[in-house]
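Labels run A, B and C following the written order; every chain starts at residue 1.
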Amino acid sequence: MTSRSISYVVAAGALVALTALAFAVGRYPVSLSEIVSLLASKITGSVNTLPPNVETVVMQVRGPRVLAALVVGAALAAAGTAYQGMFRNPLVSPDILGVSTGAALGAVLAIFLSLNVISIQLFAFGGGLAAVGLVYWIGSRLRGHDPLLALVLTGVVIGTLLGSVIALLKYLADPYNQLPAITYWLLGSLAAIAPRDLAAAAPLALAGLAPMLLLRWRMNLLALPDDEARALGVDTRRLRALIVAAATLMTAAAVAVSGIIGWVGLLIPHAARLLVGPDFGRLLPLAMLLGAAFLLGVDTLCRTLVTIEIPPGVLTALIGTPAFLWLFALARRSW
Amino acid sequence: MSRFFVLTLLTFLGKACFAQSAAVDASGREIRPPAKVERVYAAGPPASLLVFAIAPDKLTGWTRAMRPNEVEFFPERYANLPELGRLTGRGNTANVEMVLNAKTGLIVDVGSTGPTLASLASQVQEQTRIPYALFDGSIESTPATLRALGRLMGNEAPAEKLAAWYERELGDLKQRVSRAKEHPLVYYGRSASGLQTGGKGSINVEALEVLGARNAAAEARAGLVTVSFEQVLLWNPEVILTTDPNFWKSVWTDSRWRAVSAVEQNRVYLSPHLPFGWFDFPPGANRLLGLWWAGKLLYPQVFDVDLRAKVTEFHRLFYHREPTAAQLDALLGEPGVLPK
Amino acid sequence: MLQIDQLAFGFPGRTIGRDVSFSLAAGEAMCVLGPNGGGKTTLFRTILGLLEPHGGSIALDGVALGSLSRSEVARRIGYVPQGHSAYFAFTVLDFVLMGRTAHLGVFSVPGRKDRELAARVLESLGIGHLSHRPVTQISGGERQLALVARALAQEPGLLVLDEPTASLDFGNQVRVLEKILALAAGGISILFATHDPDHAFLASQRVLLLAEGRALEVGAPTEVIRPDSLQRLYGVSVEVLPLAGGRHTCLPALR
């Protein structure tokens, strides 16, 4: 028990420290004292004498970006945790039912149509929801099959189909203008985060999180074979539908503002499970803390290492692949 | 003696009929065009532009069909030429058989001349038995490219006329730039977010470099890169140029961009894009207009030129159709193109 | 407690059993004997409400099964499935706590009362010392007992066990049978399936012979388990031998 508590304390502490660090570093030089006095003046409502650029950087640029990294990291980790439990499979990522591919298709289509940033995000969000809706609708109509298997197979098939439509759009896109924009969106980035992105994504992520938190005990029963869970009093079909909806909402909101960032939803739930075990009520908060910290750390590196931006998906993969293999080797037969 | 004379004459004529002497294209490959080049396939937009300018009747088609708002800038019989796709290494869409079908005598591409594209060109050449010539697409080498292309196509006179004009224009530009006292810091923002830009040596900001402008993103590597907003704020450019109307519109209401000097000074400009873009893409001779436009924005004192006259002349020479007053109004009057 | 009347059961589109009727009173233990593929598991799943009946009726304490919600059913019937491969390393205590779900609100988490009950159940089965061990690290027999504990945590009136002694060593088999007797004596109805006719003699008051989905006979073990009925059921010849104290045993007559 105590070792579990230690995990939380350490994770929370690391997150706070990382957040403070993230606020303090960046391409635009802002000293720690400036940040502190700015935040203090915001809280107390008093006027500050800092140069206006400092306020812009901290409140309009860096602040929203840091918070967005936390929200996206936590959302992806939560969705991954829920799905790994629900599908009883450690290789499952939040995209297994196609939410990221659907969002990508929406965004690529919007770029292809030369729409503005807000439209691209809306298309991405809608695309993610629509893709999973389609997968769920088809998957639940495949009678006579294990419901989970039906969902996964449908997800793979639809995901591949949507992927080929994306490939077609890339082919037809103007190679000088649209194609680079599409490529960059697909690589993912938090560089363009504006305060309104955070204002839109955070409530949606929270809306998806709420059912997961409320139903955290019943989530554990999804780890049992369907018959057993139902015999214990859980309406598994309805619970699964709800969890899929919640995870999709969170992930679609995250992907709409950040593009495709992989590995967070796959790796973090694993690490968290190794630390505190599979009980969803204990696992979910830790996974969210770790996911937020991981993505914040990665994004901070992405925006400070060199002059130009490194796509976060590249770093999460570079760090994630060896880390995942190491964790998987560490874990004993069970997880 | 007369027999000898006749033989020599016949040999000479024979050579002239069957093949021109081999030329070497910009990638160093030997090109043997047919004696008379009737039809030319241009493998990408920069090539289409030059072939069309030199000898519009020889162009087999456009790489992409003209959109309705582009058609009005060209003589009708050329605007509706068939769409043949690209064969230029940047995502090919052309069907090689279609190229053959169009009875092409020569394939031309203008742009990069590096080994990858050279090998692609050689491959297509072997496949189709049609000579495939590559030319340098940089702005400064446009006159030389025009002349070489004209020689290859057998249209030296019109090509020379265009090349000489282009050279004079470039010279005039350079001369004005040298007289400019202030060189403001310029940031070129692409894509809807405005956070894509070109580093030093990137083809995307070639026009800026020809103009001797100070590229805010010069410290970034060559090529297209994404930067963070903090970085832009740190550079704090005095002028922002963009090719994305969505970005231009959003820059005035976005709380983050307002802090940048260029936005404060109201010096954010949107490049015209019809019928070919003026700045950055397609990376062809069309960028001359972008040079005049950007020059006027960056060095207003020394660039006291009549932009309308420049546009008219360029369109007449390269697109074979002078724009009407209304078209000029639409081009230059679009919000963001020129200072109010 | 349980009233089954002319029940027809099977999978969607395929009926595999019909005309099954029996009733089970509180504190009664009934053993279902039958060959593989005879329909025991399907019958149990239908009684648990996991499959739709194809005909007839099932009533729990006089209430039709179909009219009860999943939680209501779970508060009355506990299910001990046959075998269980554990995917996740839940502790044995957490595993047993899952049985309390039917008694919790939809958004609730098990509380102190639930934990104490689960601990008591584990103790009563003799595996209290395994409370904090991961389910994946205990033996098959211990896991079977954990499954029983989980079902008991539901505080059911009826316990349904599908071949509870399969893959258990002899000692554990005996312990499970003893538990069944004790639970029945405590007032819980028990319905269990087994292959071994001796288990019927040892631990049940009623026996149902099920073959090809049909109930061949229902009655007390000594009435129902006879050489000819077992011959009909399994196709092998046996001898039923009386023992001291009114007990019986069944021995195959090998060729």
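Operating definition for what follows: contacts are C-beta pairs under 8 Å (C-beta built on N, C-alpha and C of every residue); 3 or more make two chains touch, one makes a residue touch a chain.
Predicted, not measured: the structure shown is a model, and the values here were computed from it.
Visitor: Count how many hops through touching chains it takes, at the least, to reach subunit C starting from subunit B.
Guide: The fewest touching-chain steps linking subunit B to subunit C number 2.
Visitor: Taking each chain's centre as the average of its Cα atoms, which chain lies closest to the overall Cα centroid?
Guide: Central chain is A.
Visitor: Approximately how many whole Å separate the CA-defined centres of subunit B and subunit C?
Guide: 82
Visitor: Starting from the mean Cα coordinates of subunit A and subunit C, work out the distance between those two points in Å.
Guide: 44
Visitor: Suppose each chain is reduced to the average of its Cα coordinates; what separation in Å results between subunit A and subunit B?
Guide: Here the centre of subunit B sits 42 Å away from the centre of subunit A.
Visitor: Can you tell me which residues of subunit B touch two or more of the remaining chains?
Guide: none
Visitor: So in the complex, the part of subunit A that touches subunit C is made up of which residues?
Guide: 85, 88, 143-144, 214-218, 220-221, 223-225, 227-228, 230-235, 277-279, 281, 333-335
Visitor: Which positions of subunit B touch subunit A when the two form their complex?
Guide: Listed in rising order, the residues of subunit B that touch subunit A are 86, 90-91, 93, 190-193, 195-196, 199, 219-221, 224-231, 233-234, 243, 245-246, 249-250, 254-256, 258-259, 280-283.
Visitor: Per the contact definition, I'd like the list of subunit A residues that touch subunit B in the complex.
Guide: The touching residues are 26-29, 52-53, 56-57, 60-62, 111, 114-117, 120, 171, 174-177, 179-181, 184, 189, 191-192, 194-195, 303, 307-309, 311.
Visitor: Using the touch definition from the top, list the residues of subunit C that touch subunit A in their complex.
Guide: 12, 45, 48-50, 70-71, 73-75, 77-79, 81, 84, 86-91, 94, 98-99, 101-102, 104, 106-110, 134, 136-137, 150, 154
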